[in-house]
């Protein structure tokens, strides 16, 4: 599996040209910031969660992003309905299992969503990905200081279990797909001081999945685009406030030279 | 019907002096950004949606803004209660039918709100306004690439049907009221890359309607103020991130010279 | 009771070192901005409201912040469950009674929360604090133009009634605790044009309460940190848009010299 600056740039160009509708059922904290990131990238975000309109809203979307960051029973029902509708229409589904492992409600909800309608992409941090494995695998340990290696192993198992491309974000972003593992190293530590950039990564996965056939490539391209925009933004930022603002500008202004110059990615397998 | 820079400036001065309480039942995506826009303009935003407190909260407000961007049945009930309370108190009501036409739930909800308590101002984009007409009118076609002329015709019909001033935002903003049509041309295309600026326009309509008697004039003044602030902000912005920030500053700093110098408005009828 | 720049700086250092998990049940308007403020300060925000996960989520937190800004019955139930869980674990509880006095639903909810599980810190504006007193005390008058002196008297009564440190924010911030009254004078009037900075103050109270034993000292330190960051941000801001952004940067960059140089605080009793 190979992924080049040119492929990422081509995908970004397709997003800007087609402005795919990305339907998000996401958490209250990041609704505004992820909508803005999708708009800055060139996509058309829709945020909707009412059960009453899930089928119709999915019906006009090019991809679906489900994020369990602020759960409640009614929203979980809407997530299931949306996922079923997306599967029927054969549009890609991205799942962000925010806080899986932190509470059993989140872990259970994320697992049930995966079991009901396996998503095309699962994007989470190391602890979240490890928490999604079944109990036998879980005995390997689930905590937020999980090592990258352990998470990578969990990611491989999760990919084997459900077929989804599994993207584990961290200092190195691992994306595990049919073609092997993609290691991306873009981004900056100051990004961890802005709320919801993990959720933003998942939203961007939705935009890239709308225009790229292979889920693992779409996820790795999304992580690279966000990471590169973050590195550019850091050069103009004094702290997380200015970083957040300049990150949106950088997504909007991203050009082939930036992608070529900043991209740090390796593939294996 | 005439509307001048002086009238807009006088209205803005009244907002800054009186700081009218604008009660918003709005969507999760824009609650923060519309509250900030109202504060920057000089108004006092309240965001509240619990049925339990609708009458009391409307009771301290100078105008009510209902935005159906992220619907659910409990919120729709609260919207009806708030609208009834606002009508009893004779304070102006603004309706933003976000996504009407995209799903039948939204179209139905918006129409039912209009039928139950006709608002003073309806502000939406071309597709949304066209979707609000009854089915006979609807056969003229409802889609997001609706031409401005078709939307203008729909706006006239909607105004005739329910009496509300109808404001159709786009490259040209049309406001249809008792005195004819106001055409505003302020704003900048980069504003479409910031989420919720349509919702912000509706929120500002609420602020202007609190101090201007004629709904169409209030709506056109709100569109002009936002558009002018946007044009000023673009001169300081590199992309949608910095645009959003400078837009709030520009609303806060707006002065008579800006309004006079930037205003692009024509009236007919 | 004494509180010095060194104590505030030491507390801030502890937050940055330990990154305490602050569990927020807060309103939709400020979820993003308060999470960002906590991250900029150095804490680890969690925003969660589902009854299904309250005990577990509180179980990983170092403090709990309850903010009634956008209420509904299900959320109120979750607030009670979270407060009970926090009390069992003996972690500090901060209550922000947003809009108490504006509607009876908010006044009643805030009073019931205080009666069920007395919080360690209550932070509100003058009107809100006065509204929390029982009806006899209330006859002293409850309105938003309440004088600081009247609010201070109400704050003393409320502290005597429930034992919480009571922080009344305004041009002067009063914090009433076991050791007397702390008067803080940091901050800038432009901060009132950014939505949710009162809620941000309460969130920061949660972060400081996680590392400072005495609630009144924690609250006063939080108010000072936010006020100082605001004053620094104003020097770089043109209006409320740039202020909000630079405020996050200033919280992130706050250093001992800033605290020493800007701190305006007096203690009595």
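Order of writing sets the labels: A, B and C. Residues in every chain begin at 1.
In this section, a residue touches a chain if its C-beta (ideal position, glycine included) is under 8 Å from a C-beta of that chain, and two chains touch if they have at least 3 such contacts.
All of these numbers come straight from a predicted model, not from anything done at the bench.
A.B. asks: Determine the set of chains touching chain B that also touch chain C.
C.D. replies: A
A.B. asks: As a multiple of 5 degrees, what angle does the CA superposition of chain A onto its copy chain C give?
C.D. replies: Fitting chain A to chain C on C-alpha atoms yields 120 degrees.
A.B. asks: Could you state the distance in Å from the CA-based centre of chain A to that of chain B?
C.D. replies: 33
A.B. asks: Of all the residues in chain A, which ones touch at least 2 other chains?
C.D. replies: In chain A, 28, 32, 244-245 touch at least two other chains.
A.B. asks: Using the touch definition from the top, list the residues of chain C that touch chain A in their complex.
C.D. replies: 28, 31-32, 35-36, 39-40, 45-50, 52-53, 56-57, 60, 74, 244-253
A.B. asks: Going by the contact rule at the top, pick out the chain A residues touching chain C in the complex.
C.D. replies: So the residues of chain A in touch with chain C come to 27-30, 32-33, 69-73, 99, 102-106, 192-196, 237-242, 244-245.
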